[in-house]
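The following pair of complexes shares a single chain, chain A, combined with chain B in the former and chain C in the latter.
On to the complex of A and B.
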């Protein structure tokens, strides 16, 4: 599922690099390369970038792989993308909220990863609300609340409670896409396995993904 | 009931699938066969007092899934997320498996026989040397009714001490005090069915959304139908209940009595009270020089002059116009009130309960479909299991009290005791019991299926009483299923079978007794509390401190005990002699009174046509017309509207300790969390303690969201992360009490002052100061 999605999204980003790709050969090599390009972590779905990250291509161009953001993260939620995900993305920072979500540096005055970034790969934001790491998407087919069991774990975990996740008149959580900053605390809190919440990198339309899921399920 | 039932078929199938998945994800458990191999057994949820009907999916002797029981008459298949994890929780690796005895400071494995013999000997020697009042029982609203009944029988009738207490003292004692002082009879007279008839809900001191989620869901459903229900919420903290409120009032903690009086004053001033109802069914009383005195409606009206909305507003901190709005909405009946710990866990707990009843009595919002004052219970079996079986220090089974000679005689006769065995003086109530333990006056204590080392207020003191090594240290026997902050203090620790591992009866908030079967085997050498009590009683009989055969000759199993319980209820207001064991196994619970085997159970007490006690027996009244109401258990058959003064909390905030601390719960965990923390999913969703601080206060303190904060009271301190959020009112902080590590143990900070009537401690209010850690 994620393969197809990412190919679609990153196709245009691939073009300028076509020459390089040719040099590296085709077949599996291409696949490996493109995986890195599309920032796809094996088994983890699409990669989420740290707070303040610019668009994927700009981020990849600006990030020096210095790992300073990874080192300063107080919750150790930033991880380097491994080599298995492709050469281009290797060692760039990402987060897997289901394992360790972004706690927005808890009590710190500013986000430490942004402050630590020596380039403009991670750019300062005016306030937490302005962050655009990604957008949460609730899969209503597996979300307990949507299935009829009373659960508000994601709503409770949301740092923008009642703004980014609101409860409908049946007490079911709904994501407000414009307000969601993509920290992934909801994904981390989700009680079902696998999580009923998918974190989409900012800019990916949740509706698009939702449709793709429908298609996949048949 | 039109209420939602969200596309039920799809729901239960999917929920089952989810539950099966979580069940089979357990380690060491063989992968579950296909869903067809699962046998479903009806049971009851193990958590709160809602008493949700559940179905247990059993494969062989393994519990592989749980789903809501769609055929359950009141909860209709709904459950909250916690319940789904019960299969995993009950089969968690954390479970205790073997008896242990403390040796050189460590708990080392022992045989059941060794552990039981030591326990019995320590109890027997204490009784011989210091008399029966040197031993004590501290039980639980989570034990089976038969277990509580048996323990109460053993201690009060066998050993001859009234030192029988339990955690319901921390939970609903004030609600009992409220019902008894107002109506002469404990327990909600209404039922869950009233939810679908109510037009207005008055929720006070109850975070129903998280503590009784299924009730909350049913209230929410009443806002989706044509005749949309109103919801008034009163809570100093803006809890998730706020998501469905029309009016949300946040009084100063401890001063909601003025708010309740203020509403009553508006109702009287605007002549919105039910004059005919009041004339027929109500009397007005005030306590003058320590004695209750009738003051009449005029006396009440005069008293209420001090609580005009403007005056009440000054006391409780809620704007006068909001008090008026709430009062006007309250009278748009049928009106149903719900409350829990916010009212009960207070030194004015009984009074606060009385004042809620006042509103219902003035407006006649009682005894009609949808109109009732309903106290929600926090534990699955506090109401039917502890309150009703008389397993507290001042009461005897089914509405009897130790103070009345007539009641003692009835029970002594039933139990086969020598006359005079049951003491006339109430035993030590919870806080005094643990204080006496600290003074080494109680020399041996049995703690059964509860966690006082975590749940008692002012915990440091009471933990030392239980566990601090000293000369003549009292002996502590603890029986539990999980390691807790109490099991670590035990001298003998016994592994308990729980819930689906043993059969018996739970009695929940709405007077419904429900049978739960044993469908799986307990882990290791665990035994039920029932088997433990039988063994313990037999050994005490052998040592001559309990009359020979007092327990052992009469009971072999829980069914035998149930038979005697039915007998004990005969001719009382609880009469459930018609609830045979067979019937309970068939039905999805029955509401007492159920005096005959063909009686369907009682939806509404005190109502002619519904309450069988008005048809026959000592309370019968043939002159009443169907639907008419009579408070038959009250003096003059009239309920009492009490004139209660305002009394500040035991420890109001001051210069040194400027904040009010209140504690509470989250949806994902339950009480001391020993069960829910055994589910990794619940633990991940709510991993650690936190303190909610209002943004204005946080700014003043220089605390950011996520900072570590110290919370200090005169008694102790805790350290946890700040959650800066406008939920508590300014000047108040809120901490959920589920986590057990030393930093999170918020009960080291709370206060053990208690209500002089109900003896329930004031968990909800104490003074603290905060500082960035």
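On to the complex of A and C.
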């Protein structure tokens, strides 16, 4: 009787264990394949992520949805993503610059949302210039300056004045994609309704910097 | 006068809800975050171990702050038992409310003390995190959703949908969420099962009346006295026991005690008290 009992117990214990080992092996294989497949192009998403966010997929993996960044933002810029952007992105933070652009904590050395994030969903950056929230895009068909009026609202609002937005000889603003960090202050400042500036969560700069960071991480 | 454990527990859960709301207001120095992870007094990190593990697996990194918090919570659970479930979790309070709408029925004598399903669910979520590179539980757990909604007014729609489903399920089948589904409990339960803070039974007097009040009042559905009658273990050994003290409050004879102190009754209060209790019970 004891033999039968022992057998029953060992079989009972070994089956889930074997299942676990097989599952883990299969899982790590799949993961390895998946990681290779998605070279984690930054800004795959459709929403603007807070400062310090890396690629969309890496951000979604590391964000615990704890809302600490949303709670600490001094200007209440960060908003939770609603259900419309998909169930899996729900409750993660994002920016709607036309409503509330990122003021970069008004000159603070360390951005509060990055400091509050307990994971590396929002990772510290060397300086504000290295941020990659997105890239501004000017619609020349509605921009007042491009239509011939004198308007420098976006140029004045830009925290990287004459670096990310430059004025040409006729006073028309142009975005320098390599320098734009995507804070959205220009979008917020635009006088035209709807705004002549669109904030794209992707762009040449975000792609380059993001790729460099992925390489750094290995 | 002794404060009833249940009152203390309701106050504790209410205090946690107040902390969550404080995070939303300007007083961020005191508390920020949700049940997934939080920061107390601006420096003390706290994190749910299950969520921390899931996020770490998904993101392939083991962030220090998160794991310091998870470690602190795990230590507290090792010392105090799965107190998060009974004393902090806002959802468990709602579920208790739903159960109180039903007539109290004693659990069956064979009520499982071995919640396997929730462990399997935890493993599933960890596998999804590992393979899918996505912390699904962190995003959709009704506990986290509820605390997010309280803390920051986030995703009210999701919270109402998910929490509503859990509440309705609870009404149809009591203890469904906490006992069988919650992956957080699957970590807290085994971690805190043998914590020194336990409900002790007085072996001298336990089981004399079999009024069953402890069993009917147990929010986890543990057949307290029935199991004692079978196993004669002088404390409640069950990973579902959240140290809520409802059985202690319910017992008219003072047979149960929630404390770190495992000294038997006799040595503590002399044989006369045990005798007195025995007589008191047998008079019933």
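Note that the second predicted complex is superposed on the first by the 154 of 218 C-alpha atoms of A that agree within 3 Å, B and C clash if a C-alpha of one lies under 4 Å from a C-alpha of the other, contacts with A are read in each partner's own complex, and residues count from 1 in each chain.
Just so it is clear, a contact is a pair of C-beta atoms (placed from the backbone, for glycine too) under 8 Å apart; a residue touches a chain by one contact, two chains touch by 3 or more.
Predicted model only: the values in this text are computed from it and were never measured.
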Exercise. Could you say whether A:167 touches chain B, chain C, both of them, or neither, answering first, second, both or neither?
Key: first
Exercise. Could you say whether A:80 touches chain B, chain C, both of them, or neither, answering first, second, both or neither?
Key: second
Quiz item: Counting only touches as set out at the top, which of chain B and chain C does A:116 meet: first, second, both, neither?
Solution: second
Quiz item: Can A:66 be said to touch chain B (first), chain C (second), both, or neither?
Solution: second
Quiz item: Touching A:157 in the superposition: chain B (first), chain C (second), both, neither?
Solution: first
Exercise. Could you look at A:107 and tell me whether it touches chain B, chain C, both or neither (first, second, both, neither)?
Key: first
Quiz item: What is the contact status of A:129 with respect to chain B (first) and chain C (second): first, second, both, or neither?
Solution: neither
Quiz item: Which chain A residues come up in both lists, the one for chain B and the one for chain C?
Solution: none
Quiz item: Where on chain B is chain A touching in the complex?
Solution: 4, 6-8, 10-12, 14-15, 18, 21-22, 25, 68, 77-81, 83-85, 209-210, 213-214, 216-217, 220-221, 223-224, 240, 243, 666-668, 681-682, 684-686, 703-708, 721-722, 725
Quiz prompt | For the chain A and chain B complex, residues of the former touching the latter | solution = 103-109, 141-142, 144, 147-153, 156-157, 159, 161-162, 167, 169-171, 188-193
Quiz item: Okay, in this complex, where on chain C does chain A touch?
Solution: 23-24, 28, 32-34, 36-39, 45, 47, 51-52, 55, 58-61, 63, 65-66, 69, 123, 127, 129-131, 133-136, 138-140, 144-145, 148, 151-152, 154-155, 157-158
Quiz prompt | Contact footprint of chain C on chain A as seen in their complex | solution = 20, 23-24, 27-28, 30-31, 34-35, 57-58, 60-68, 70-72, 80, 82-83, 87-88, 90-91, 116, 118-121
